[in-house]
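After this come two complexes, each holding subunit A, first together with subunit B and then together with subunit C.
The block that comes next holds the complex of A and B.
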């Protein structure tokens, strides 16, 4: 209690040195506004990058087989390639697909539960792969069942035909049938483009769309189909630790197996992820650097001003020591003085934080700042400023009480 | 009450050792008003610093109010200084950012008095020096004599056994100096022991006793000077 009662004279003394006190307060407030908003943006982008796409990102890669001769047979090549890949030691499973999460290419359709033109349209990214897709991508089937081999259709590139059964993601099921009713979707019919009926055979827990910034990224539909095209894309899932060697050996094997095509674009899913999130990773990195540099500069500023003020008050410290202050009480005085400035700075900082956030939301359509970040910002600034003042305060502690009898 | 036996204090730099006090021996009794005089550099301020526990000493024995000072840690020395000693400095040493009330409050907070006890002591001591109506004034709004009165009020507020004054009238004109000396006399008559360092012989003559310090030793005395019995046989 005595500790807090000391705030009164400290505050009154600070009011006599308004300029340096205001400098510290303003510096803390501005730093808090930037750090708090910066942290919120950084964390939001980090969660965006790190969110789970639903597939086994760490053990999967993809490659493209592009036929280039007149006599190239895409269907036979796909069948042979899949047989070879799936039989390779270290491969868990493989699939030919039109697209996959993080590929940034694909197509989407609007889904409905009725053909009524006024019914809500649910956008969903479309994937086409066979019954091996669940195992290849490492998807979790949470309702219904997987396709069978008989469900799979061979489609031409221009073919607009749909198989009779589809799988959908849980998010798609929730959007179509309601959050609480998603499990009841199995066996029900949905309509593509307000006309084509499809029966829902199963629901996968999560499978993201190919585009990471698409607002409906969690909504996907999977149809059991293989598209015959000179260029075929395979996604291959390997056993843990086998990714790199299989990327090389399988590329070579496939190229050797059929010389009428080339194997290209061999990349791990993780590489694709790094590329697609390069701008976000750069943003996060730059923001983190800015936050750290700003925190450091603020700490230096607080330490510098504290040092300056302490040097200016050396005789005053000596007087306090002569009047009975112990070293610990001198340390406490300066830590408390700094805490008081930090508290005032934090009040101003909260206002500035919200003002900056309103500007950012308005100008750049960012997410409004979650309130939790405000106390986090206050704590960070409190920690930084207290840490910064320790060294000058310890120096103040060492001022001899005999300083009181020395003339300056 | 205050006994120093053969106190030695050496200041050491890279090139020279200065013996500020050598075999400094003195006894001050309760109720004394002792003036310590000497030329500049004679060691009188060092004596005051050691007596007031502002500095440590290198050799000898120092007992303050029955307590052996040697070996006390910083916390104990600070507490003893706070409880038993009041200081009056030549340049007043008020804290310029604090008003009179808060200035007098400084040692009382370190003492741990509660708010009402502090308030009563602050008002009483400022009234005693004639500044009871200027509680909210800043030191800069007062004359030198008034500032020294505030310093005296601050020294008295904690009811110390000793008042150590370092050239208390050094920065005052003669009228103000007289008034401050009169106040010190009054304080002494009410029972507080005063040790006053001064180079002003006129002021020193107003004390009950005088000692002259030269080369870090007590070299002469007037009035009923008392030296510790244990050293009187060997050093005097």
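The block that comes next holds the complex of A and C.
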């Protein structure tokens, strides 16, 4: 009860210096609006970047071998290269593939469960690699089985033939056969281009499409094919800790092995990921810096106002102490004064937070702010400003009762 | 009198060094944040060819699926087919016209004793160079007859010329690439349009290509389709020319038109062209031609990332917080000066003299804060540039941004600082002296 009785005099004292009190309240409100919206954007981006693509991102790299002479034999080169890479110490497995997650290039097909023209079309990104792919990418087979060596077709660049069996991701299976029945997809037939039938041999838990912002990023289809092309892309998975040295030594030994081609674009999956998300990583970093600096500036403002008030009221504090107020009560007074400012700021702040969010959502198609962020924002501001007021309040606490007798 | 005010301001600032520095720093942080985001926005929304932005037009035709628009709800595709690219360029109905696409191939400079390398190439029309004001150090683009006869001619970028010919004048020399012998006709000077509005298929800030060659050579050498290829109809066969004759889009078509009259004429030509193609069974959708000039095109492509615009608004609010903070710091300082103000007023200083006197101090603080803020921004931008790896080198602080933010700092500080001065002048001087 005592606690609430204090609020009256505190409020009246604040009203005597409306200008600085209003400044602090507005500052707290705007800070809250920025921090709350900034944190929401940051967290959303962070989750987007950290989304698992389904492959072993930390221990894999890729390179491209491009043949340039008239007599260059793509198929023999691919076979030689892969046996050399797979036999290298430290390599877990390697595969030739048309594309991989985070590569940002590839193609997609529309899948159906019937050849009916009106049936729903399910878009799925297409990967083409042989039975080594599951092990190279570190995919988890959740139903059915992997390709066998006999399933794999060698295709010419211009050859649009499809192998008879395919693997699909769980998301593709769910989209084709229903969320609950995805497991039943094994052994069933799906159609590509409304005509070509393909038998589903297995389902992998997760394998993302090559384009990170594609709306259907989880839907993929893998066909056991090796496409011969003057340029071939290999993905290589190494034992932990061997990535960097193998990136160098393997590209050197491949270049030496066959001089009718050049080895280029040697990069780790992690590098590819950092490049593709560069803008998002920049957004997250800049916003975090802004949030921290802003919190600091506002804390300084709050501390500044408090210490200014305390300096002005040294005599008054002395009188209160002389009249029997304990040190704790003085401390409580200033903490409470700050809490009151903060509460008024928070009311205004919630309003501003929503206004800012509506503006951003409306103008830049951001996702609306999850409500949970509002109490988080209030708590953060409350914490910052109480923290900022501790030092000046402790100084006020140590004003001696003798101050009452002195004039300023 | 003014000199006296300056002396007063300096001595007041020196008396409370920490306080003044804190105020400047607060303003500097806000200004720094705003400068950084403003620079990002302005360097990304830059129009690299502003002097002829109203004369260059992107041509879009709607050859798409009758049941589904290329870009919802009803926009035509952004690229054109090989057929339309060639027909429109050869019709020569505009002042200049160019169709181009990215491709790649092996360069094998064995005569120069270099290892072969894969080069990014652009197949394009001869008008490409004069249209986009492409600068040459040596030679020029190819001529009409080379274009018509599909001569094996190339234009090299400055880097490629450096790499292959050590930077010497290579015009007239030969270069082995794509398994044939080409003659160099021109070497470009440094040229990096940013945003790369004429072809943003590899990103608005991607690097220009290494080598340029006539459009017709794409079919001769069956060069790969770089950039974005999109088809709404299955291609009839797997042969290379089946792609060229298909409805697949891949080519960037631009025209240069000098005035409204030429634009109207060209529009009429496009309408006639599409109508004529419709009689051949193409263009099943309703007439939907689009001519966007460079500014409209950049706006349509949303080159400035939304994130950066969001950050810009957040930084404006951040500046507001900093100014409010500066205002409360200044007002706290002024409270210690109430008796001084009272004394001055009692001695005959009027309201405007008091305001002027404090304005000098406030403007000084604001100016220092602004300059400090720009310095902070210079450091900050280096950090930001390293975050945006792809186009970091393109972020530059420009003078307009710098002068406008410093002006903003001064104006903001005056508003923030004079409100407390105004309230300090209200009570009767006698009351203030007594305090």
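Please note the rule applied: the second predicted complex is superposed on the first by the 397 of 408 C-alpha atoms of A that agree within 3 Å, B and C clash if a C-alpha of one lies under 4 Å from a C-alpha of the other, contacts with A are read in each partner's own complex, and residues count from 1 in each chain.
Everything that follows uses one rule, which is that a residue touches a chain if its C-beta (ideal position, glycine included) is under 8 Å from a C-beta of that chain, and two chains touch if they have at least 3 such contacts.
Computed from a prediction, not measured in an experiment: that's the story for all the values here.
For subunit A, the partner that touches more of its residues is C, with subunit B and subunit C as the two candidates.
Contacts of A:312 after superposition: subunit C is touched, whereas subunit B is not reached.
By the touch criterion stated above, A:402 is placed in contact with subunit B alone, subunit C being left untouched. In the superposition on chain A, contact is made by A:275 with subunit C only, not with subunit B.
In the superposition on chain A, no contact is made by A:148 with either subunit B or subunit C. When the two structures are aligned on the shared chain, A:290 is found in touch with subunit C, with no touch to subunit B.
Of the two partner chains placed by the overlay, neither subunit B nor subunit C lies in contact with A:83.
When both complexes are overlaid on chain A, the residue A:367 reaches neither subunit B nor subunit C.
Overlaid on A, the two complexes show subunit B and subunit C touching no common residue of subunit A.
Residue ranges of subunit A in contact with subunit B, taken from their complex: 2, 5-6, 9, 12-14, 16-17, 315-316, 319-329, 400-402, 404-405, 407. By the touch criterion stated above, subunit A contacts subunit C in their complex at residues 19-20, 23-24, 26-27, 30-31, 33-34, 37-38, 41, 66, 68, 70, 158-160, 193, 262, 264, 274-275, 278-283, 285-287, 290, 293-294, 297-298, 300-301, 304-305, 308, 312, 356, 359-360, 363-366. Residues of subunit B that touch subunit A in their complex: 45, 48-49, 52-55, 74-75, 78-79, 81-83, 87, 89-91, 93, 95-99, 102, 105-107, 109-112, 115, 138, 154, 158, 166. By the touch rule above, subunit C contacts subunit A in their complex via residues 22, 26, 29, 33, 36, 106, 108, 115-118, 179, 234, 238-239, 305-307, 309-311, 313-315, 317-318, 320-322, 324-325, 327-329, 331-332, 335, 384, 387-390, 419-420, 423.
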